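Okay, got some structures for you below.
The following pair of complexes shares a single chain, chain A, combined with chain B in the former and chain C in the latter.
Our next item is the complex of A and B:
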């Protein structure tokens, strides 16, 4: 299983939604680290600790956006994606975004 | 017998219905119109007395006691209101353009009340001179004494905007404030750097060193990283009560909103955003409170909510919330839309995150200013959040989101 640490591998300052509006955005993170492995059915662990914090737009676009961009079911994404954080509320929030994205599409 | 004589003789007779006498006024009015040809006139008098006369001459209608008392009350309240208006001191606006190219800055850089109007006039005077008449100007801060967060971020943003839009080599020059504190603030927030002037003052005062301003064109977190430096400094002085990850959540979402929504339409004066700067940020510590503000010079909440929020939700909220201005109502609509949750995964996140900063700190204030409307949210532990709406005398022509969070610890 591949492990990605957001602070180490991407940025300590995650912010924003779309890649056109910033290099530390949720869309940039998703396309760089998450889409390819998940498309090939590879499981990933994402470690959230170590950054300054997360905004909702970043989290929704990075994780909820997976359902939209891969055109897959929330359950399939949740099976392959493992989120680790010392703040359990972030894990719950991400899970909710993935489910909501499935419901909206 | 003439018609005139008929009235004079017969009018004082008691009324056929109520027994009241006509009195002199009815006779006088009737005498004024001695139209002999009028065939109906004698008929009133003879038939049934005064009620018919009164019907025709409604001006003569006698007031009932209740109506008379009401008129007295209305007159009194009008008089009181007039007197109150007279008592209110009429403050004269300070005149600018002391010298042809010198514009006097307000004594207090603030957006509230009279000071807001003064700040607005100052900004407009600078913009007119530099962008319309293409004249370089000197900003006279000699008498400036106080800088308040909301006014300071607006001043910083507007001067930066004016300088960026100008084709002049050096459009703005600062004239130093007399007071050292004011000079330290201008130096600390980088206004001397912005105008390209030099200042030998080193900011040392405790209430100045936390003032910091920055700006950016996109949502990149690196452009907002300044907030971490300030927060670390705050934590060194105060106990670890500032939840930086929560502040980041609110601030980064406010910046995201500014970049994505604020410049979708041109604002009131036609300005449609700069390519190199879309938002300005500002931090401050005052009276054991940490303040952070995000400002944009875009079209405001009112112009964009119709595109981002369903019409049904807007009209539902408008029916229950009587805000003091349309701008305040638009802010509150956006906040409520975020708070109540939406069916759209990419809508309403900014407002929810703005409030979550207060909830996680269990106390604090959030003030959102959009054009001339304001909404203030107050959060205190154990009490339901309170909100108040208001309107400014100044149109900020943009949006300012400002948080105040309490700091507790060694610095107290």
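Our next item is the complex of A and C:
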């Protein structure tokens, strides 16, 4: 299983929703680290600790956006994606975004 | 010369009394230590919950100022750090709170605060100040109030 630590591998300052507005955005993170492995059925662990904090728009675009960009079912994404954080509220929020993205599509 | 006679009955009474006194002292000591620990735990929880409530109030003011003025990257970072600190403080309460259910509710409330402040009109989606009666501001205020209520319930739950 591939492990991605956001602070180490991406940035300590995640910010923004769309890639056109910055390379530390949720969309940039998703396209750089998540889409390709998940498209090939590879399981990923994302470690969230170590950044200065997350905005919900970043989280929604990075993780909820996965369901939209891969055109897949939330359950399939949740099977392959493992989120780790000392703050359980972040894990719950991301899970909810993935489910909501499935319901909206 | 005749050796002194040992009064075994008196000896047994003395030993029994001594044992009862020592056991009594141990029990009192243990109960007292437990009471002191409970007192410190309760005080620590109340202090932490009060601090998080203060953080929430400051966060609301900061977020309100951020959304009603031109975009500030510095304010965005302060907002995200404050929310993260508050969430970590609530996570820390798990170790000392009597009711884990109340801690879960508080953590959910902090999540709602984060969503209300940073879910819309935040960072690259901040395209200019919002009006004083904008829905974003209403949602933030409600979420912060709910979080503070959760923290108050957590505090009072210690004495139930």
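Keep this in mind: the second predicted complex is superposed on the first by the 105 of 105 C-alpha atoms of A that agree within 3 Å, B and C clash if a C-alpha of one lies under 4 Å from a C-alpha of the other, contacts with A are read in each partner's own complex, and residues count from 1 in each chain.
The definition used in the following text is that a residue touches a chain if its C-beta (ideal position, glycine included) is under 8 Å from a C-beta of that chain, and two chains touch if they have at least 3 such contacts.
Nothing here was measured: the structure is a model prediction, and the numbers come from that model.
Superposition model on chain A: chain B and chain C are shown in a clashing arrangement. When the two complexes are overlaid on their common chain A, residue A:101 makes contact with chain B while staying clear of chain C. Within the superposed three-chain model, A:30 lies out of touch with both chain B and chain C [touch as defined at top]. Taking chain A as the reference, the larger set of touched residues comes from B, when chain B and chain C are compared.
By the document's definition of touching, of the two partners only chain C reaches A:92; chain B does not. In the superposed model, A:56 lies in contact with both chain B and chain C.
Once the complexes are superposed on chain A, the part of chain C occupying the same space as chain B corresponds, among 27-35, 99-107 or 135-143, to 135-143. Touching of chain A by both chain B and chain C, each in its own complex, is seen for residues 13, 15-18, 21-22, 25, 52-58, 60, 87.
The part of chain A that touches chain C in the complex is made up of residues 13, 15-18, 21-22, 25, 52-58, 60, 86-90, 92-93. Of all the residues in chain A, the ones that touch chain B in their complex are 11-18, 21-25, 51-58, 60-61, 64, 87, 97, 100-101, 104. The touching residues of chain C, when paired with chain A in their complex, are 73, 76-77, 79-84, 87-88, 90-91, 107-108, 110-111, 114-115, 118-120, 122-125. Within the complex formed with chain A, the chain B residues making contact are 218-222, 224-225, 227-228, 244-249, 252-253, 255-256, 259-260, 343-346, 349-350, 352-353.
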